[in-house]
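The two complexes that follow have chain A in common; it is paired with chain B in the first and with chain C in the second.
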Partner chain A sequence: MPKKKFDVLNSRAPRVDAAIKATGKAQYADDLSRTGQLYGAILQSPLAHARILSIDTGKAERLPGVKAVITAKDVGLTKYGVSPARYDETLFAHDKVRYVGDEIAAVAAVDPATAQAALDLIKVEYEELPAVLTIDEALADKAPQLHDDYPGNISAEVHQEFGDVAAAFKECDFIHTHKLVNKRQDGGFIEPHSCVAEYDHDGRLTLYTSTQVSHYVQRTVAMVTGIPIGRVRVVRPCVGGGFGPKCEATPLELSACFLAIKTGSPVKITYSREQVFLHSRARHQFYHEMTTGFKKDGTIMALAHSCRLDGGAYSSFGIATVYYAGSLLGAPYRLPNMKYDGMRVYTNKPACGAQRGHGGVAARACFEQQLDIIAEELKIDPIELRMMNMMETGDTTCNALDMSSLGMKECVNAVKKGSKWQKKKGKLPDGKGIGMACGFFVSGAGYPIYRSDTFHSTAEIKVAEDGGTVILRSGIAEIGQGANTMVAMIAAETLGIPLADVRVDSGDTDYSVDLGAYSSRQTLMSGHATKDAAENVKAQILAVVADKLKMDVKNLDIRNGFVKVKGRKKLDFAKFRDYYRKEHRGWPNMPDGAELSFTEAARMAFLKKGTIVGTGKYKPPILGGKFKGAAVGTSPAYGGSAQVVEVTVDRQTGRITVDDMTDAHDCGLAINKTMVEGQMQGSLSMGLGEALFEEVKFDEKGHLMTPSLGEYRIATALDMPNIDTLIIESGEPNGPFGAKEVGEGAIMPTIPAILNAVYDATGVRITELPLTPERVLLALKEAEAEKNA
Partner chain B sequence: MKKCHITFQLNGRTCEVLVDPNQTLLSMLREDLSLTGTKYGCGEGDCGACTVLLDDEPVNSCLILAAQVDGHKLTTIEGLADGDKLHPLQTSFIDKGAIQCGFCTPGMILSAKALLDEEPNPCELDIRTAISGNLCRCTGYQKIVEAVKAVADDCQGEN
Partner chain C sequence: MLLPKFDYNAPATLDEACRMMAGYGDRAKLLAGGTDLLIALKKKTVTPTQVVALNRVDEIKGFLSDGDGLFIGARTTAAEIALSDLGPAGQALTQAASQVGSPLIRNLATIGGNLVTAMPAADMAPPLLALQASVVLQRIGEQREVLLSDFFISPGEQVMLPEEIMSMIVLPRLPEGCGGAFEKLGVRKALERSIVSVAAVISLADDGRTIQGARIALGAVAPTPMLAQEAGAALCGRKATAKNFAVAAEIAAREAKPRGLRTSPVYSRLMVEQLTLRALTRALEAANL
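Moving on, here comes the complex of A and B:
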């Protein structure tokens, strides 16, 4: 696609929210306070699996300063969750608790200390039950059962086959099998979940909350509280990172809502860092086994893949996760035959959910290692092997995913050149290694999480009556990734006005329906809705201008804040300018140039039609195949990425240092280049953490052993190398101005590229994450012993 | 509980507060003084989101008692700009794209300020070390390091 010239897009404009964040003025949920506000706290189970015999809240209720105590008796037993087919949670446990941290009661008090003290006074009698803490324990004969409705502790099962894997294997020259297991990861966002709920005398509930999806929270809150959805308003203040775990309604939010309803006062609750880990909803632990068949010329023929997921006590986003773990291997390589058997298992631990690269990260780590193993077997350069099998724009995967644009080959070539691969591969000294991997990801889920023909995004643009400011109102989620800036830039470009003239109000369910920040959807979907709304506003304004100034509207356009006329004809607007100046006598910045300004044109439209409001909407077309689970993995577009990583492995200590990372990502078109690089660099640091040290651990009773950011280590400034970030722009026909995702796809190649680099450095393949010094050292010693045996 | 009366310099002005003897500095700033630019991220000194400057040294305000700042000088993110004029680090963070979710930003900027006040010409390792106690999950740190470096380079240009 030939690249267009843009006035606002494709630049390095500073974020629209940067100044308030740099000065400490940005308000996050815990920064809010309302008059008469109470503080909530939540009682959580100390046992991994137990029957609740009785709950006595009497003492807590009598503690001075306590305003309300609520349990399942008060809030009911409405089941909720993420996928309507798997609503398996109630706000409070009533018959039994299923993990250490399961919620039992909540209190509201005049200050946080009183609320905490009240929790200690709630007496719960338990009958402890045997717990299942691993997949094997959960699947064993006569294993203790978590949920009556889901026998065998099976949360979800998937069996899919595309093509004929058994027949294809017969045609293969080589067949290779290997396994990989990652560890449960945590979102690691720096802002703990926090919210403030208030309930007014008219029965209206307002919830200010740190969420990625105001819309899903609104629906769940309405369903669980029984308040009509039109009376539930969810407002998202600034959010301090999400990465997946803030996608769904939390017990924190629901508790605050019920406490606000009961007390009539605003209630704030904030999770402690330990509670963030206990709530989890982050990356699952995956056990992958993959068998890949290929021909001696390097053609990949078939993949047989099985995966088991340790899901924790509830489903959360896990139904989508178990499907994604299979479907996201459909691309970016031509893979004509693919079989997938996936199973998500309930265990007595916090529930896992969605996290950056949803479902696909560990699968990708396993598969990209396979490719390197095959390349070595065939004595083909790993990049060569990938390029031979790489899909191109226009290809469709065996599981019916349409690659409407795919700049994968460009990404691979870019990192090959950028990393000086040919000078390094096979030529580095022992202990130093270079590795590469690729990945791809959806640019927005093709279907919402509940079955519906809903628009995935709607937006409203209002022009201030003096024409000086354009206000964009949308339900989108700015969680740090730059969504507000993205829509502001798209609105400014479409309307033909400077970015500074657009103000974004977002995250409020009163403004519009938007499915929020997950599955890397906002640039494509919310971007489209914004563009649609801006085109509508522009058309309204230009129609009035054309009418007033007796022009054909087809000859009019707006650019850089001025009405432009095609051809030689000039706009005669002197009369209107005089009128405008009289209307604004005494005002500064009066228009006086040779061109009719947007401000004047917008004023003209206001005088004729009243407040100018334009709306926009977007939903994807019907996508994907007809098989069970076909929806998961569909998307109007796919982002792709390639990465080369260089490492040093210290053979004495097992310590790995990542020295260099070269990353290329096809984002279709970079709406904002700085922000695209920021997403790439952030993704890589999360991937590096998962590869090298992140692991949520539990003891044999199901207690969390890593409840802090000291024990659970994420990458610091000293762990990260500088990354060479290369932006590839393939021009996506289904994206606004050609744009598609970058937020999650960029994490895909990081772990396998590190694993492949470690192999290159040491000759040892490690198939369990994270690559802690201990694990690496043991692997090196084992390899040494095998060699000497 | 008997309150403690403390007096200290806060962002260039004298400030008097009655605090609980067991109250953290973070709690006093956020709850008593409504200075919410200082963030609660973990409450146990791991994340650095609550970093403030105590006598120009970066400290985790969640690990210090409010009573300990009696007689000392305190700088929070709200005290960095000079009226409408942002501190060069704030401008640089904005220009270089060093801010994403922004939750670590106040603490990050203050740690960087402490470094540049002490060492106007830091090498990259100095910068990375100085901010290694400030966790950021969004940026991968690269643009933060670039932003600090750009201010250091500008200082060099001026000298």
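Moving on, here comes the complex of A and C:
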């Protein structure tokens, strides 16, 4: 695609919310306060697995200041969850609790201290049941069962084969098997979940909540409370990060809604950091085993892959996760034969769900190490091996994913050059290493979470009646990543006006349908809907101008805030200007420039037609194959990335220092270069933390041992090296202005690149994360002992 | 997590604070930087009805040195210690102070607080043990000086009476030719509880090579911060060589009593050996500067 010149896009425009965030004026859910607001608190199970014999809320209800206490008896037993195929949660446990943290009751009181005190007065009698805390325990004969509907503690199972793996293995010169296990993660976002629910006299429920998915929350709240969906409004204030764990309706939100309905007063609830960990819904623990067959010339022939996921007590996103863990290996390398057996298992721990790079991160970490092993076996440079097998634009994977644009080779070349790979690979002293890996990710899930023909995004643009401001209303989720800035830039570019003239109101289900911030979908999908709405508005305005000036509308355009005639002609608009000046005598900023301004044109359109409003919409075409689970992994476009990492391994302590990271990402077109780089840097930081430090731990009774960001270690500024971010723009035909994802794909190569660099530094492959000093040192010592034996 | 209710007392002098503590006894907790106490209050692991804040008691803040040694006020913050010049041996302490938590925590956390909480991994305890520090404990009309090596009892427990306030830390004057160093191993580079920490202070004879005295102290590898006495003793009268340091490091590893809570005892001992070697090497460099 030839590179277009843009007036707004592809720049480093400051974020539209920069000022309110820099000055602390931004309002997050916990900053909100409504007249007569009550405070909620949730009673959570102290046991990992137990039958509930009785619940006595009498004392709590009688505590002065308590306005409501609710249990399953009050809210019913409507099952909900993420995928309708796996609705396995009720708001409150009624027959038994399934993890330490399972919700039993909620209270609303005049202040937080009274609400907490009331929790202590609720008496629950339990009959403790044996718990299963690991996959092996859960799958053992006669293991205690979590859910009657899911025998054997199996939450989901996937068996897929594309091509003929067994036949392909027979043609292979080498077959190699490799394992990897990661650890349960947490999103580690700064803002804990928080919400305020309000129920008005007309039976309308409004929920202000820190979420990535206002639309899905609206749907679930309506379903569980029984309030018609049109009477449930979900509003998202500023959000301090999500990364996946804020991608579904939470017990926090549902409790606040029920308490608001019961009391008639607004109710606020905010999770403590410990409750964020207990709610979890973050990255699973994956046990991968991969067998790859290849020819001696380096051609990859087949992959046999099995994976078991420790799911926790409920499904959450798990059914999608278990599919993604397999399907996301279909690219970016040509892989004609692929077999996948995945199984997600229930255990008595908080439920896992989606987190940045959903399902694919650990799989990628395992597979990309295997490519390095193969390269070493064949004495081929790991970059060369990858380039030999790399897909290109137009390729389709064995599992029917269409690479409508793929700048992978450009990414690899960029990091190779940027990192000075050739000067370093194989030439670094002992203890220093360099490693690389690639990855790719969807640019928006091809299908909604529930089966539907809904548009994935709609948008509404209204031009203020004075013609001076364009107001974009959208359901998109600005969660810190810059979604508001992205749509504002697309609207400004499309309309041909300066960015400063666009105002974005977003995150309200009253404004539009948008499925939210997950699966890296908003730039492509919400961007398309915005562009569509802006084109509509522009056409309406230009039609009025053309009519007034008696010109063919096809010859008119708007750029940089002025109406232009195509070609070299000058626009003759003297009469137009005269009329405008007379009409608006006394207004400030009377136009007097040599060109007809957008404001004048838009005002004339209003005077002729009334308020100018344009709507836009987007949904992807039908995508993917016909097999079971074919939907998971489909997307209108795919982003790709390559990374080179350099490390130092302290051979005496096992401590790893990441010295340098070079990252290239194909985002199709960078709407905003600074924000693209921010996503790349954030992804690398999260990947580095996951590779080196992060692990959610439980004791033998299922109690959380890492309930704070002191115990659960995400990377600090001191742990991050400088990152060289290289933007690759392949021009995506299915994306607005050629744009596609960057938010998640960039994390894919980080962990394997670090693992490959550690191998390069030490000659030892480590197959369990995180790479703590102890794990690394013991692996080094073991390897040394083996060598000496 | 909410703070429970308590009365907040803000004495202006040490004497006033002592009188309050005498009155409240174990119903009260002292508040200095608050980096530990506030968390404990929120978690309800301590439940005082009275909090006695020391933030107005300026007489127990800062440094004072005389012919006998150096006195550090117990309310002196980690940041203030990290930025101070305590000489080549005192580097062991300044290096430890500069690795406490993060800049935000160092601006609040105090040296006294770091000791009274009696955590096995307290960053400033090993260097103070190696520097032969003692602490001054104050109550109405009475003060006593306790050697830091006699101060700790078990995790979270030390010898202080409920009404006592730590007023200062005393570092005896060391002879010329001393050097010190601190080594901390954590998983990440900031906001980190030590896996193992080691402080070493050595004093060299006039020849610049013979070790007259050596003190090695270990953190996070026993129920309390501890001195590796045999390891230090093994260096006395010996030459400061890599070989002798290695012998001492091996002894220190044997002296450690790791409980295997966060890392395996095998790894903890290996790290004691490695970090002792590094600390001694750097202490020698400091002594020779």
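Note that in this section the second predicted complex is superposed on the first by the 782 of 789 C-alpha atoms of A that agree within 3 Å, B and C clash if a C-alpha of one lies under 4 Å from a C-alpha of the other, contacts with A are read in each partner's own complex, and residues count from 1 in each chain.
Keep in mind that, in the parts below, a contact is a pair of C-beta atoms (placed from the backbone, for glycine too) under 8 Å apart; a residue touches a chain by one contact, two chains touch by 3 or more.
No experiment lies behind these values; they were computed from the predicted model shown.
Does the superposition put A:372 against chain B (first), chain C (second), both, or neither?
Neither chain B nor chain C is touched by A:372.
When the two structures are laid over each other on chain A, which of chain B and chain C touches more residues of chain A?
B
Have a look at where A:692 lands relative to chain B and chain C in the superposition and call it first, second, both or neither.
After superposition on chain A, A:692 lies in contact with chain C alone.
If you stack the two complexes on chain A, which partner ends up touching A:778: first (chain B), second (chain C), both, or neither?
Once the two structures are laid over each other on A, A:778 reaches chain C alone.
Counting only touches as set out at the top, which of chain B and chain C does A:272 meet: first, second, both, neither?
both
Examine A:652 and indicate which partner it touches, taking first as chain B and second as chain C; both and neither are also allowed.
Only chain C; A:652 stays clear of chain B.
Mind working out whether A:402 is in touch with chain B, chain C, both or neither, as first, second, both or neither?
Neither partner.
Can A:116 be said to touch chain B (first), chain C (second), both, or neither?
It touches chain C, and chain B stays clear.
For A:715 in the superposed arrangement: first (chain B), second (chain C), both or neither?
Both chain B and chain C are touched by A:715.
Give one of first, second, both or neither to describe whether A:481 is in contact with chain B, with chain C, with both, or with none.
Once the two structures are laid over each other on A, A:481 reaches chain B alone.
List the residues of chain A that touch chain B in one complex and chain C in the other.
Correct list for chain A: 272, 710, 715-718.
Name, in rising order, each residue of chain C that touches chain A in their complex.
Listed in rising order, the residues of chain C that touch chain A are 1-2, 102, 185, 187-193, 195, 263-264, 267, 270-271, 274-275.
Can you list the residues on chain A that touch chain C in the complex?
Per the stated touch rule, the residues are 112-113, 116, 272, 274, 652-653, 655, 692-693, 710, 713, 715-719, 772-774, 777-778.
Could you list, by residue number, the parts of chain B that touch chain A in their complex?
30, 35-47, 49, 76-78, 80-81, 86, 90-91, 93-97, 99-106, 109, 127-129, 131-145
Which residues of chain A touch chain B in the complex?
Residues in contact with chain B: 12, 14-15, 17-28, 30-31, 187-192, 238-241, 243, 270, 272-273, 479-482, 674-675, 677-678, 681-686, 708-710, 714-718, 720, 722-723.
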